[in-house]
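In the two complexes that follow, subunit A is the common piece, with subunit B as its partner first and subunit C second.
For the complex of A and B:
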């Protein structure tokens, strides 16, 4: 079916007998080539599937398996482990409140970071979406923090946001303007704000560029028309820009959510002293940090419980993915409540562009 | 997700005749000074943490802990850098980070181009289904399988080796997907058939047709793979427990963890600054391509 002649469309109607005849007349060398043409695509895609099976699927399944056992970091094989059923899960969920406070911390940090981040990124994108001089310079300028590793960012911010007893730049600034110093590392909400700032420092410019790309694809005619109708800059933004970049906006929100639910580097390095796991009393311990602490930190090494935490997080992520999917479906409706598919939006945009081209 | 779509449309912004009429010029004229002022403030904000870490990195430990912080750099950066090198295996970690990132980038580019080309241009049974599966795997966060992967690496005796860091990221679902999207658009099928008529085998066709065509996309994918690998922390931190084998990121964690309850901030910030410098150099060289890559919608992970 995949041989050359058929794909060329010359001989789609070749009777089986003729094809059989041709195959018989083929030299061994041609037969070999035929075979390689059919076989090599699988060879080409196999590295991905093999590596994914080994480092993706197998570990996930194994983690599920381990989550039903009393399995320590030192446990070598299933023979040394005791099957305990759902014990790990019930320990995590009901044993103490650590899982729930970690989950609350994760959501708190995620909300404090994502909402301002997207608003500011949109604002920066609007600023960049003008006829600027030295465009590339400004774009590179806002992207710069992206190449700074989260670990280094966390260290730098950890030094800026020290507790009042230790000085630190942020508290000095607050004192300078007559405000009380803040316990950036030992109070819950202030620590979440500092961590959210780290996340935003790295990702705001990056998201601004993604949004900028979407804004540049908005036909300029729409702005002109709106301006002629007397819409000011604000009105143009809310009535033209925002609806046109809806799809990209949803995308940015989804990736921010998925990233936010698995935050680790920043919280681990904000207070990296050996005894501390997410600050005093775990005030900024996130779910992934809790998993790390349970399974890999120091003497505890309870891989069974860590696996249960991982799978619980997986379920939460699945729920969020579903929620995102449902929400973005709802958001992607136009003013009349009618559903607008991405393809339809694109078709509309294309129609406008074509009109513009035609008018020239 | 077209790889070049948005870039093309930017070219259509040239003012046409209608736009030159007085009433409409507001949309094409140069923005006012305050737009530059705001952008300047934002760029200053993204530079400030780096500047400030240099301030602390170049001062003495005593000054770094002063109640009223210093705001101008001192002259101690090099002596602090020497102390960092004494405290952690900095050069070893730098070499490891460099080696890991280069190997992972090279392998990702090769395997992803190969698979992307197969999905985009070679007809085979199950192609659609398998390529949908590749996209689906993007939804699985790598942290979730950490326990199982750790156990696997322990069984192989790889924990504490850089092989354990490299192996899981040799090829990425995103890369395969990205290359498929790109190559689908840029390689005319006739070109592949012409190469075959000339007697080129399957792999030679790949090398002579697909590889040159993939070059622009490879530059973008390579840059992002390099940065992601270089800045990765979670997995190396778990699997590199031996203090002698570190990447820059895990060495930094070690530098701080080992300093106990009274951390020497100038030492630690010197270390973090030293770890940033290589990527800053890369950014200066390739920042433009990086921006273009994000703007083209190439990297949305």
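For the complex of A and C:
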């Protein structure tokens, strides 16, 4: 601010005043040209925002509106609905434990799926980042599961993971190696593992490719320098690769969080019984499945309550995406796990330079 | 800060101008057509439309679910919609199969909630939705205006009555009914030494006086002889039992009847049977084809179920059969209707199609296609029905058996939440039982009450 002022030789003028002065000197034509130059881009991108407002923002706001009403699936307008304030929210939160158990299930499935998924995706990306023959083939290969519809994946996995009374490939394999068969559909944690596998089957390759794209942007000379300094593959990964792809990693973690907390297709199809609520006793009922069941299970059709669940889930996702953003932002630039200040970095760099000069 | 505000304002201006452009486009085109309309020769117009009326192209949309036999037999022949198009060259039918009944109901309710957007012209309605039809009948045309009274005698009287709402509107024409017999694995039954023919099987279960107690005791004999569970899907037995009662989950006056001691007693029977290994612990509609290849002995079979399990029973090397017996006597499970929605652009044509589809001749074809037993008096006595045998089920005379099973069936009152109680609540309890989460009758009954409360049914 002061720099600018001194350069113009008007030490008392604020930038705003300066801009005002410049504008006064412009001809109307210049003004118009300047206006179109600066603002037409906004006009060009506005269709997206208009469409988003209609099909995204409006439903979002309308859901909030509906959540304060006793609103059935067949209610056609607000005239047929009764305003009940926060009743839907208190029913969901305190009416019974279903919301909380389904939230716990959601988190359990989310953790079982997301953590291995990101670790494996990173590993695959590192492997793909090497000099492989037929690169494109391998890269497309890991994306293939993503092409398969989640419902189809769920049907296939449902046939593989079944209860021992029903057989199923996975239990046959377990028996083959002398292990006890597992209740894949009627025990809580095994069912969560099976569902997490479906999620990972679909998303690991996708995330791997995103991470790979980021890794390819890492300057190769950094690796060379690190290698010359005697850093092994692990050290290079943690000290060079990981800090360099921090931004992409944050993106991947956040999209995985949002996806993981909204999981639905897989759980709905894993127990295809009509009117099912995510396995016997709801052992793998997720929040979205609870919302679907509340809003769309035949005669129940309580859209008001379903909307309340949707908004509660929205807040929970916000909190967790924020938390993950903060956590993944902790990936330090030096790979030590500690966030470092710029000044400290500078001091360290100077120390290294001194050391090298001393050695010479 | 100030810059931001200014940008915001300009952004808003951009949005406004763009939407104005869009709006201008819209109004332009509409005014164009208006002026064209106004300018055209009126006499010519009338002539043109008169001519069009005689062979006017009509497109009808129909939503069906499950396998009611409308979309043809196993090989896709005798598709009733195509047959209708052949005899009515000006009509094109677009049919959609919504999957299982529950999915179809959700889609229907959704469409009604959206103010009718997405409703077909002709909608298939399941018996289990009847409890809601009073509320939903506003979205269906009253078929009395399209000649329902004239064809009233077509159906067994209780079937027609089922489709009349409390204010006297007729919201649908009946298609099939669901009299029940027992499907059984003849290969296993022969092995067990209990029965080597369908007559012997019926006799073993008590013939015309068969009771559920007989059913379970024969089951014990069967399981101890073969080591294979007796009953496949125990929740279906529960559905059949509930339908068999004078009053099911609701009383005849429409009050909740979920403390029904008879239902509790039957649930106890199912818990005990499950504990004794008499059931295959398969949840409703979740079986694989292999489950029918020698993994259990019997399956409760309303007429329409024969079509539903044909693929499963015909792919294995076990012979299945269908017997004229049902524990506890006559019962009806399911059956459907065709209604015409208020969204139909041409309700007369749509009602005509519903009328045609539910006429005896067509219901006979549907029966031949998928085994759904007709509710039309004339069809029930037609030789094409009475003498129909089913190849897949060991040439069983299904027509004769089902007409015998249909005797003495009475319609039960279905309440608004009947389908939720059947599938989510009772189905839920039985799935917990199958998963081993419940082991005593007391626990099962507690869970039943708890799930009722959890689903807001009190």
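Here is the rule we use: the second predicted complex is superposed on the first by the 270 of 360 C-alpha atoms of A that agree within 3 Å, B and C clash if a C-alpha of one lies under 4 Å from a C-alpha of the other, contacts with A are read in each partner's own complex, and residues count from 1 in each chain.
Assume a residue touches a chain if its C-beta (ideal position, glycine included) is under 8 Å from a C-beta of that chain, and two chains touch if they have at least 3 such contacts.
Please read all numbers here as calculations on a predicted model, not as lab measurements.
Q: Let me test your reading of the model: by the given contact rule, A:63 touches which partner, first (subunit B), second (subunit C), both or neither?
A: first
Q: Please work out whether A:82 is in contact with subunit B alone, subunit C alone, both, or neither, and reply first, second, both or neither.
A: neither
Q: For A:296 in the superposed arrangement: first (subunit B), second (subunit C), both or neither?
A: Both partners, subunit B and subunit C.
Q: State whether subunit B or subunit C is in contact with more residues of subunit A in the superposed arrangement.
A: Looking at subunit B versus subunit C, the one contacting more residues of subunit A is B.
Q: For A:90, is the partner it touches subunit B (first), subunit C (second), both, or none of the two (neither)?
A: Neither subunit B nor subunit C is touched by A:90.
Q: A:159 in the overlay: touching subunit B, subunit C, both, or neither? Say first, second, both or neither.
A: So A:159 meets both subunit B and subunit C here.
Q: Which of the two partners, first being subunit B and second being subunit C, lies in contact with A:280: first, second, both, or neither?
A: In the superposition, A:280 contacts subunit C only.
Q: Looking at subunit A, which of its residues have contacts with both subunit B and subunit C?
A: Shared contact residues on subunit A (touching subunit B in one complex, subunit C in the other): 42, 47, 49, 159, 166-167, 272-274, 296, 303.
Q: In their complex, what parts of subunit C are in touch with subunit A?
A: 2, 7, 10-11, 14-15, 17-19, 100-102, 105-106, 109-110, 112-113, 115, 129, 131-132, 135-136, 280-286, 288, 290-291, 416-420, 422-424, 427-428, 431-432, 434-437, 453-456
Q: Taking the complex as given, what residues does subunit B use to touch subunit A?
A: Residue list for subunit B touching subunit A: 5-6, 9-10, 12-13, 16, 18-19, 23-24, 26-31, 35-36, 38-39, 42-43, 46-47, 49-50, 52-53, 56, 65-69, 111-112, 114-115, 117-119, 122-124, 127, 130, 134, 137, 139-152, 167-168, 170-171, 173, 176, 193, 196, 201-203, 206, 227, 230-231, 233-234, 237-238, 248-249, 252-253, 256-257, 260-261, 263, 265, 268-269, 271-273, 275-276, 279-280, 282-283, 287-288, 290-291, 294-297, 300-301.
Q: Any idea which subunit A residues touch subunit B in the complex?
A: Going by the criterion above, the answer is residues 2, 4, 7, 33, 36-38, 40-42, 44-45, 47-49, 51-52, 54-56, 58-63, 65-66, 124, 127-128, 130-133, 136, 138-153, 155-157, 159-160, 166-169, 172, 201, 205-206, 209-210, 212-214, 216-217, 220, 223-224, 227-228, 251, 255, 258, 261-262, 264-265, 268-269, 272-274, 288, 291-292, 295-296, 303, 306-307, 310-311, 313-314, 317, 321, 353, 360.
Q: Under the stated contact criterion, what part of subunit A meets subunit C in this complex?
A: Residues of subunit A touching subunit C: 16, 35, 39, 42-43, 46-47, 49-50, 72-76, 96, 98, 159, 163, 165-167, 183, 185-186, 271-277, 279-281, 293, 296-303.
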